[in-house]
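In what comes next, chain A is part of two complexes: it sits with chain B in the first one and with chain C in the second one.
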Partner chain A sequence: MTQELLTANHASALAATLAGRANRSARGFGAGVYPITPQTECIELLCKQDIEKGHVVRVESEHSAMAVCIGFAIGGSRTFTASSSNGLAYMAENVFAAGFYRLPIVMMAVNRTLGPPWNIWVDHGDTLMLRDAGWIQFYCEDNQEVADTILAAYRLGEDARVCLPVMVCQDAFVLSHTIAQTDMPEQALVDKFLPPLDLKHRISLQARTVGGLDGAHENELHRWQQETAMRGTEAVYAEVQTAFEEVFGRKLPDAVVPYRMDDAEFVIVSMGTTHSTVRHVIDAARERGVKVGALRVRLFRPLPVQALETWLEGRTRIAVLDRDLCPGLGGILWSEVRPLAPQGALVQGYVMGLGGGDIRPANIEKVLADLLAREKSERPVLLEVG
Partner chain B sequence: MDRNCNTCEPLLGGTSQTSADRAEPLLRAGNTNCGGCGMSIGLQFLSHAIADTPVQMVIPACCGIVTAGPYPYSAYGAPVVAATFASAAAVASGLTAGARLNGEATRVICWAGDGGTYDIGMATLSAAAERNEDILYICYDNEIYGNTGGQRSSATPYGATTTTTPLGKDVEKKDILGIMAAHRVPYAATISLAHPEDAVRKLRHGLHAKGFRFLHMLAPCPTGWKSEPAEGVGLVRKAVQSGLYPVYEIFGGRDLTIDVEPDFSRDALAQYFEAQGRFKAADVDLDRVQRAISENWMELRRRGRRPVTGKFERVSV
Partner chain C sequence: MIASPFTDQGLLRDGHLEIRLHGRGGQGGVTCAKILAALFARTGHSVQAFGDYAGERSGAPVRAYMRASDTEVDNRNKIYTPDHLLVLDPTLLGDDIVGGLKTGGTLLINTPDAPEQVALRFPGYRVATVDATAIARRHGIGSRSVVIVNTTLAGAFARAVDLPLDALAATYDSLGLRSNLPAAKEAWTAVRMAEPLAGDVARAGAVAGPPSVIALTDHTVGAPTGLKTGSWRTQAPKYAEHLAPCNAWCPAGNDVVGFVQALAQKGEAAAAAILDATTPLAGVCGRVCPAPCMDGCNRREYDGAVHIRGLERWIADHRPKLTAVPAPAANPKHVAVVGGGPAGLAAAHTLAKLGHKATLFDAETAPGGVLRTGIPGYRLPRDVLDREVEAILGLGVELKANTALSKKDLEELPQRFDGVVLATGLQRLTGLEVPGANLPGIEQGIAFLKRVNSGEPAKLTGHVVVLGGGNTAMDCARSALRAGASRVTVAYRRAREDMPAIAEEVHEAEDEGIVFAFWQAPVGFSGTGRVQGITLAKVEAGPPDESGRRRPVVTSQHELLACDAVLLALGQGRDLSLLPEGWSLETGRISCNGAALPIFAAGDVATGDGTVTHAIGDGRRAAQRLLNALGEAVTIFERPDRSAAVPVTDIRLDHFTRSEPAAPILESATTRAHHSGEVSRGLASLSEAHRCMSCGHCTQCDTCLVYCPEGIIRRKDGSYAVDYSFCKGCGICVSECPRKAMEMSAQ
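Our next item is the complex of A and B:
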């Protein structure tokens, strides 16, 4: 292991490079890349790498970036791309296509609000827009986790029992442009961790059509195969965690990351770096004797339903922080977590930190005060932090 | 058919399978194409050109992929990736680069209609051409969004009625070969279904040449053109004879060769328009068409190897 000072963007590019090289004994590595703030530094660094049996295509749009990955992947190569915000919106058609083709493409996505109006800062609305695309989605909390999750994403997505693309999400600027000490593993360890990709349904010279017409019955079965694969993902992920720790000597975080939950009566649920701020507030509240804990939903697709139900069991008040907005509904995380809360628990959604609004401890304190003072819940409320 | 006409070439011995052909046709029996579909004929030509060359095809959402039929069947006698509408050239870029990384001789072919080429796929196509990807891109141009029931595309010619131009299209089609040649790709050519020897020669060259190769094929669509299915090849012949559809090739984006010399027959032009129901509703100004042909040929002559002496004025037969 080498300790390096890296932004999460650079850590992502290096992780993809390591994973790409690790497939040199198989069908190599391909990437389609296109710039967008705040992801650009990732693909810039990738373009400077010398990857044995690897090729990076500099395309004209995100739509084509994913299409190039589809071409590489359908031929059996390991693949990578990165995007953000409107780039993901523009790419969306092929993001879904990659899911339907069941190609284990890995994409690093920097979470940035959608526009116009233009704003380059963090919220999760861009990747949450793609939550139904048939991709596994991880939301990370620090740079190390971003790099580690990219490596793990290949092992997980390429597992024949899973065979799904994986999106590794990180918060714009908070991680993408923030330099932190990061352990980048040596190639030999990555080679040990990542078996060569053997995609069973890659095309060769056999005459068959991939992605052609589907009748209604074939379509429902193909779609349900995606669901079945998703439901089996968590069990495979547990194996990946074990293998990861064996090879690299550090833990890969769980699908749902708890903080001081042991005797917690109240819970604050969030995703990404919001959880870092939440943890500080929990510490302060604990000193005041408030029995509050926190959960970070790291794996959002598949939604770790059972883990969330187990963690929420017996808690009386639950705040769900959404760094996203689904107009007409409120928060997406709230809408997904609420049905998993125990009966009788008060679940309140808070929409906050849109467009990069800086979520500070004082804002989370306000959430906690509101949660504890409430007589009943209501639809998600906007908590202005800007 | 006038066999002495200089636009007519000796026909190949039919376009069916021969012993020199690949083990199975590229377009198998049971495909869903309409009778008289020009694209079907083009695929038979391509089948000849491919012979035993290992190929992989990328076909965007269009008639060309519908014809493969439903899962798990495929009417294609070759591996096919069904790409999203705008993505053929980009998917093929990944596929061909992956084959190259693995030292495979596979030739990657995009087979796309005019909608996926002139319109929605234009940016993708342009970018792949600029990168000089090792792809043979073939556009079968039926001058219409056929798969969706016949809407205008930017390849629809002046005067043609479609479901979205009920009074006839009032502007000319794009000069796709000019656009592709301007990318200075190694090879760009037009293919006439009425000139199979020339067509198969170009398909062979296109298949084996390196870098980005672009072939354009005028593909009659009896359904959309409202023409007799049996007359498709004859219509193409008239288009070539009248100068409406020039048959030529461009090497390196500049070196232009005219392969079939038209006689610029006004009668052939008139017959081409009369034989197609799509031109009935609009009051097509044939003089306007003729002027466009003349201007186009002036340009081709200037750029071509042959001197500017050929006939391009009206000729009455």
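Our next item is the complex of A and C:
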């Protein structure tokens, strides 16, 4: 392994390249790409790669980028694309198609605030918009995790028991444009980790219809097959984690990442890089004797229901930080975590860091103070971080 | 030896180091942060580097950040309290920039100033200075105007924090920056440091810490940015008129874009008022002008020139009658204008409009010159000419018709008048000196046209051959057809594209059945008692002459063409022998035995340009020159420099919808060739005026206002106002202006 100073965008492109090359003995690699800030650096670097049996197709829109991936994938190729924000919105129809076709496409999504008004910085609303598209979704905390998760995504999504597309999400600029030391593995190791893709339902010389008309009963069965695959994903992911560590010698983080949870009475739940800042506040609070811990929801789809229930068991006060806003509901993470909290626990949602606001320790301290002072919870509140 | 800032702790303070950089877009600040990260990574630290990204442009203030740590960097926040601060551009240096820098921290500035001098402003900090711009420029990093200082300043920083040179060299090698290393090394040596002065760091301006966290219950209202981005500007947009090509091309000096736009926006009366300033003959030019303006029209390069001639005719045909009589000048002059052709009419018009008395002498029964005697009525109906002549006379011009002036009369004019404008036109006709040239049936085309136009007998029969390729040749050929010729052939010694005639005239003639024989020159006529045949020699194209046209070379290949009449339209020249003894003409002014007389020549007799529009411009200029010579302060019209006109490359054609130019409505060729009524009925509407792109002239189209990314252009007093306190000088308004009615200028 070599350690390089890479942005998470470049690390993503290199990870996709390694995965693509690893399929050279099978049906190769294909990517449909279209630029959008802040992921453009990723596809630019991907376009410069020389991938054996690989094609990076530059198209005119995100919708077509995903269409190209669907075409490659259904033909049995390993596929990759990247997008962000309104690009994902435009791509959405085909994102659903990829999910419902059960094609193990991997997409790196840089989380960027949806416009208008225009804003290029991080919040999670764009990929959360696609949470029902039948894609597995990971949210990462650092550059290394982005690269590792892309590699793992192929192993996970291509597993015949799963057979689902995977979205690997990272925070705009905070990771996408920030350089940090990153281990990019040797090709031989990636070859070992990623077996050639053998997609059972790929198109072949045998004529058949793909995605034809579905009757009511077939439809409920097809959709429930998706749900069944999603529910089995966590178990397969555990196997992927083991294999990953065996091959690369480092751990792949859990679906739910705990921090100082052992004796925690209070919990701060978040996603992405917010958790890094939360950890600093937890350390400071622990110094003061406050029994607080944190959870990072890394795997959002499928929602690790049991892991969350287990981690939240016995905690009395739970803060859920949402870097997203679902108008009319509040925070999406809050709405998903709240039913999993133990009975009687106070669960309060905080919407913060929209539009790329720099969530600083002082902001999290404010959350903690509010959480501890509350007599009862209310609907999520906005915490302006500016 | 300069000590490490944290000598007791090594390079990092408590195992962590945070650096913030301030630069301007294009200086490489973010890359500089990444270089520093690579440098610290080489010393075994965990690192992180990133920039503040936004929709910024070159010159905008930019921040970048670098963290190094003995443990893994997991702080994802921006840096509010840096250990060190680098300033790539000294113009950014202020309390807000330095704010948050920890006491004892290094403040490294790219400036030629001494550190001690800067330290006075920033007590409590270790100030380091280096003229990185000068060093980088010496080493040719960046371009001459935009020097990239990041790699140079990184060298100075390495020295300021006591990083060894070899680490620097190894880092630059690994990043492929070896060519920048000498500059970095020079900065490593040249950087100067001052130890911190005692003082209050807070007072030095710890302003830019993290913004205070708003209480959950607080309510804030978004306010417009207080950042006066106008300070980033190095160039500013402004509204400026530029010369439209139609105006530059018009020999009469008409404000073409002005009258076309006035027609489109305000109607015929407003357009006519603009034309009246420069021409009394819009109805004439709207019919017979070769329209150089249309040759210059930028729309020609896009989807076809605007039919300006047709619009000029439209205005003349639809305008209200001119009734105002100009007020007399303070010191009115009395000027004799000799010759009632277009130059003389324009001179009289100019004089009368300025309140001077003009007496117009014309040998014919009515003024108009070649317009009356030469141009056939099917092209220029007499009532149109009469209407415009009447309007000129209505300004107070006195007419002396049927008054041919002898040399003696001319000599006496300076005694009778304050001055004279001589506009006698071209009197000498080009003949042919070939065998048989004097046979009856061979006639000068001008004489033939004069008979036709004056209603004298001019009947022709059989096959008529016209020699020549100009407008007179076309007039002769088409008039011959109308005078009874059964067949007309035009023989011309060059190619079709060399013909001086207006292309539309040639097409109309062809449509009427006239045959053209190109590359043919007459070498003899034959016939018994009357011309019965013409011998034409084949002509070959020789090397180009001074006009750029191929010089005709007559060959010995002859061909006899039977004919019944021949009309010569081979050109005209001025005849200065008509001038009194001792008079000479130089640069448009008459002298008598070396003494300048108050006599200015106008039109073809002066210039020989040969078009109505040239004559109009020249007539006006001669009148103005005369008035100047008589002590009147008058601006003299000079034809604009065509090269100064807005080129089509400055027009944003994408803003204009493609549309075919409108053409005048013509009577059918089969019927029009049998009578002398006007062939063209003009344009069907003034829609052509709306095709004008208004090159160089603002139409208040709002494109600048719409495209301004800052939204700081607004309408004001029929134009626009730019709020320069927020204008960053991005130039988008100027580059998007469809018609080059704006320009950027240096601050």
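To be clear about the criterion, the second predicted complex is superposed on the first by the 386 of 386 C-alpha atoms of A that agree within 3 Å, B and C clash if a C-alpha of one lies under 4 Å from a C-alpha of the other, contacts with A are read in each partner's own complex, and residues count from 1 in each chain.
One rule holds in what follows: a residue touches a chain if its C-beta (ideal position, glycine included) is under 8 Å from a C-beta of that chain, and two chains touch if they have at least 3 such contacts.
The structure presented is a predicted model; accordingly, all values stated were derived computationally and were not measured.
Overlaying the two complexes via chain A leaves chain B and chain C side by side, clear of any clash. Once the two complexes are overlaid on the shared chain, A:264 sits clear of chain B and of chain C alike.
When the two complexes are laid over each other on chain A, the CA centres of chain B and chain C sit 60 degrees apart as seen from the CA centre of chain A, to the nearest 10.
Of the two partner chains placed by the overlay, only chain B lies in contact with A:68; chain C stays clear of it. In the superposition on chain A, A:77 makes contact with chain B only, not with chain C. In the superposition on chain A, contact is made by A:205 with chain B only, not with chain C.
Of the two partner chains, chain C is the only one touched by A:179; chain B is not. Judged by the touch definition given at the top, the superposed model places A:214 against chain B, while chain C stays out of reach. For chain A, the partner that touches more of its residues is B, with chain B and chain C as the two candidates. With chain A used as the common frame, chain B approaches chain C to a shortest CA-CA distance of 15 Å.
Overlaid on A, the two complexes show chain B and chain C touching no common residue of chain A. On the side of chain C, the complex with chain A involves touching residues 34, 37-38, 41, 46-51, 53-55, 73-78, 80, 210-211, 213-216, 218, 220. Touching chain C in their complex are the following residues of chain A: 5, 38, 118, 120, 142, 171, 173-175, 177-181, 273, 276-277, 279-280, 358-363, 366, 370, 381, 383-386.
Within the complex formed with chain A, the chain B residues making contact are 24, 54, 56, 58, 65-66, 68-72, 74, 76-84, 86-87, 90-102, 106, 123-124, 126-127, 131. Interface residues of chain A facing chain B in the complex, by the touch rule stated above, are 27-28, 30, 32, 53-55, 57-61, 63-64, 67-77, 79, 93-94, 97, 203-215, 218, 222.
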